[in-house]
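Following are the structures in question.
Presented sequentially are two complexes of chain A, the first with chain B as partner and the second with chain C.
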Partner chain A sequence: MDKDFAARRRRDLIIAAVLAAIAALTPLFVKDVVVQNILILTLMYAGLSQSWNILSGYCGQISLGHALYFGLGAYTTELLFMKFGVLPWFGMLAGGVVSALIAMGLGYPFFRLRGHYFVIATIVIAEIGLLLFHNWEWAGAAMGITIPIRGDSWLKFQFLRTKLPYFYFALALCCLAWFVTWWLEDSKWGFWWRAVKDNPDAAESLGVDVFNSKMGAAAVSAFLVAVGGSFYAQFVSYIDPESVMGFQFSLLMALPAVLGGIGTLWGPVLGAAILIPLTELTRFKFGGSGRGVDLIVYGTLIVLISLALPRGLLSLFARPKKTGVSR
Partner chain B sequence: MGLLYGLIAVGLALIFGLMDVTNFAHGEFLMIAMYLSFFLFAFFAIDPLLSAPLVAAALFIFGAVVYLLIVRFAMRAKANAGMVQIFTTFGLAIVMRGLAQYFFTPDYRSIPQSWLGGKTISIAGIFLPEPQLVGALVSIAAFAGLYFFIHRTDFGRALEATREDPGAVALVGIDKNRVFAFGWGLGAALVGLAGAIMAVFFYIYPDVGASFALIAYVTVALGGFGSVFGAFAGGIIVGLVEAVTALVLPPSLKSVGIYAVYLLVVFIRPRGLFGSI
Partner chain C sequence: MTALLETRGVWQRFGGLVANSDVSISVGRGEIVGLIGPNGAGKSTLFNLIAGVLPPTQGSILFDGEDVTRLPAAARCQRGVGRTFQVVKSFETMTVIDNVIVGALVRNTVMREARRKAHEVLEFTGLAARADVLASDLVPAEKRRLEVARALATEPKLLLLDEVLTGLTPTEAQTGVALVRKVRDAGITVLMVEHVMEIVMPLVDRAIVLDLGKVLVEGKPADVVRDPKVIKAYLGDRHAVGA
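Up next, the complex of A and B:
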């Protein structure tokens, strides 16, 4: 690639390292538990959205069913822990692998679909998963699973007295998702994905393996989202089908990327950094009334941002001449 | 039941299927319609059956206004048009749910007594609940009307032409916004009709739309985008599949059958049963 591109990639990496270092230091100054909570969620959603962005942003296969992988990650980890005593660290990996395999299994028929048919299929499959878990007695059915408290330990990834380990794990997850995206952006896959997104037929005719590049994107994306799901389960220590596999998670994963800039390296992080604190604050400020004011504020913001900035917030920073490169 | 899904889906078929605009607020349109007929009943004691045309008219205006104020701009987006539509209408849906909670409170409401509610009619020994029967009849009429409208009138042709190529349509003097605003109004009016009938036998609460919206999308996609007849067929299939699934699986799993059939159909026919786009 040309020099500009290489220079930009180096610059991105440095900025990311600096941001991560600053983020790692924030707990020294932020002692308030509520704020820490918001920071953890923000980092988690940034990571999730970054992972979603790989399939839906870079490869252009809009999925509104990623809650399935999120839930699978959460359930695999907790079921292995509860029923077989497998440590969450291995459960996390297992969840990721299970999700990636399922994503590829589903991709086989799904990736023949295009446009609305594909989007609806992704929503529907997540909904089927939700209903099945709802009725699966062994997995807790609608009651869900309460993760037993066994005291603070890194081994079991459980912490009662402090939220800091969760914070650092969320940060690590976010960095991992970012780094994977960064790395893939300049790989063969990255170029294939963008070609598939822009015009699958043309890409195919130029020798791009369209089907396998979609499969690759789906697997990476599902794996990372499932790890996020495992983390969330440990973090909230209670899961039920609705709270980890509900449709809202699919949207919450997509929103930061869309608002920040879909198919961009920085879009998901930027979107999450603005959207999640905003969501939590409106809920905190207006949610108590139970009268939906938080929904009104939140919905209005989504409408306004998506109308005003169809390319996402990141487009505010883009220098007009370089749009071709900065995408 | 299938024809009721059909009735909810027919409005969506017009907006989503024929105009190719994603409307994630369709379920909330239904919710508004149900509340409207509830309040017309509660305050003026107008039976939902009588108020249905009123509700449909109100929803027509609402749909057209939503198009002109919001959706028009979402469609103008040059980048990520699909995502912008999804999230604009999704944001709208959240706002509508929030407003409903604010003004109507999250309580469940129902219309206790109406001409149709709770009554059954016996035809050749088969007992049919009257509201569902009326719903089915209205649904058939609505589909027939829409089919005629799209295929036999100038407006219908203008609508399809506008979806195909807005630029060319502008050249022959058709105002895209007028056509689409009318289309949105009509789609909303149809879901208004569905809401008015469903208000008789369903609980009414701010999130009621969400449970029907997904099935409506599936119905439209199952039949295939761009086909009115497809949406009608989709509605009937969805209803039958749901009834059969409910016999075989526990009731909480009845939607699984619908979703599975959708997946099966699009794997075999990626554009739905009768789809053209």
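Up next, the complex of A and C:
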């Protein structure tokens, strides 16, 4: 049994390595900038959703306010760069740390809430963050911040003529989030998180520190999402509150995981691989003058998938379970 | 030798309702003690106070010579109190082995050791064949056993069993009784809440009867079942007169 388990873990790692290698080679064949753009976004959302999945999928604390951490990552990086000349690479780390600290600060009161009340709190807090940045003059308020582009530079992580560095960064972020999940899945934290999700009272009786489990999950999750936010800010080189902290980001982090299989290792990647290209393609095909047709098509597809596979797309690949009743 | 568990003058009030009043009991090392009483006697409340779900309104609880009155459940688990739940609380989306690993992680920080410990406990409780099944797919009797297995994985000194034998078929109950004996033989003290007298009485070394939140009688099972006060509490005055 233990051998089975170890073999499964190793198999996951090998599949991930192969997929990452294939992904790394795609720019050799895909020269179209529009498609490259879709690939970058897909990888980014896969990484974000994977990070969201740590707190909401594994630990079961459903957050619809992760846009806050995404935006904090973006703003921390750009404010440090514009006001103090700190390179984005350091800004990225700073953004992660700031977000993790704020996630824990918010978790302190809000992890006492259970179920729907917690979800509502996350939405409200993210909206408050959005309003604060809307009115914060020093941070550019509603006007936002435009990052001056002065040619390609790895140091400043900005590129005008090529999208490839962004592509590889998004790929690295996605791999990092996946690997962190893989690693934590078979650790004390991973087990604690799943126990807390399934039954906090029982977890408590088995010596699980329920509150700190949630805090840990929130910190890891917020850190990784903030790194994603920093990346996005560099990628689009212009940020304003709506474009990095809007509610749609919270949804776009949650949806791939939910669609692919919440609380699973592969769910977010699978969900993002289908959902994000779909978002972009429906916008491309049905968007434009009609306005809204793309969203109807997109929404219908999500509803259909959810109806057919309520446990997520990943359940398509699930091995038949041993469910026979024995006595 | 001091008792493993002792409650001293424990009171629990819920608003105007007094669930436990001045309850002082003690459980010695290596004993199987039955906590019995009619519905609403305050058994579950006392049980939850001992497990650390909530602190008592008044009084103190000593475990292994230490005052644990104010300690939360997780801290008591670390000190060696294991428990099951009357309404089973399995981790439904996790497999049987993973459920037990959560318990084993209290004393084993290395995953490999926790996993080995969990397998050991599954062997001990007779669930080994079901290790890779999801907890949600177990039949009720197996879920009860999983509760016990999970608690045992925390390597408790005291195991609190909350109606683990209630609602089982006679055969399942016999298997359960055998398991409880096996647990005691492994050196673990057992305090069990039950209200099915005929199952508990042959099993326990000592019985404590609660009624209306107070300790009514305690002693050897054979004496307890004949005690007029106990018969009265369970069946009413008319029967007690006859006894």
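Assorted remarks:
Operating definition for what follows: the second predicted complex is superposed on the first by the 319 of 327 C-alpha atoms of A that agree within 3 Å, B and C clash if a C-alpha of one lies under 4 Å from a C-alpha of the other, contacts with A are read in each partner's own complex, and residues count from 1 in each chain.
Basically, a residue touches a chain if its C-beta (ideal position, glycine included) is under 8 Å from a C-beta of that chain, and two chains touch if they have at least 3 such contacts.
Here the structure is a predicted model, which means the values were calculated and not measured.
Room for both chain B and chain C is found when the two structures are superposed via chain A, with no clash between them.
Taking chain B and chain C in turn and counting the residues of chain A each one touches, the greater count comes from B. Of the two partner chains placed by the overlay, only chain C lies in contact with A:Lys188; chain B stays clear of it.
When the shared chain is aligned, no partner comes close enough to touch A:Trp136: not chain B, not chain C. In the superposition on chain A, A:Phe179 makes contact with neither chain B nor chain C.
In the superposed model, A:Asp209 makes contact with chain C only, not with chain B. After the chain A superposition, the centres of chain B and chain C are separated by 80° when viewed from the C-alpha centre of chain A, nearest 10.
Of the two partner chains placed around the shared chain by superposition, chain C is the only one that A:Asp198 touches, whereas chain B remains out of contact. Touch criterion met: A:Arg112 reaches chain B, while chain C stays clear of it. Nearest C-alpha atoms belonging to chain B and chain C sit 9 Å apart in the superposition, given in whole angstrom.
Shared interface residues of chain A, touching chain B in one complex and chain C in the other, do not exist.
Chain B meets chain A in the complex at residues 16, 22, 70, 73-74, 77-84, 86-88, 90-102, 105-106, 206, 214, 217-218, 221, 225, 250, 252-253, 255-256, 259-260, 262-263, 266-267, 270-272.
Against chain B, the residues of chain A that register as touching in their complex are 62, 64, 109, 112-117, 119-121, 123-125, 127-128, 131-132, 134-135, 247, 251, 254-255, 258-259, 262, 290-303, 306-307, 310-311.
Every residue of chain C that touches chain A in the complex is listed here, in rising order: 51, 53, 72-74, 77-78, 82-83, 85, 89-94, 97-98, 101-103, 105-106, 109, 111, 114-116, 119, 129-134, 137, 139, 141, 150-151, 153-154. By the touch criterion given at the top, residues 1-2, 4-5, 186-188, 191-192, 194-195, 197-199, 201-210, 263, 321-323, 325-327 of chain A touch chain C in their complex.
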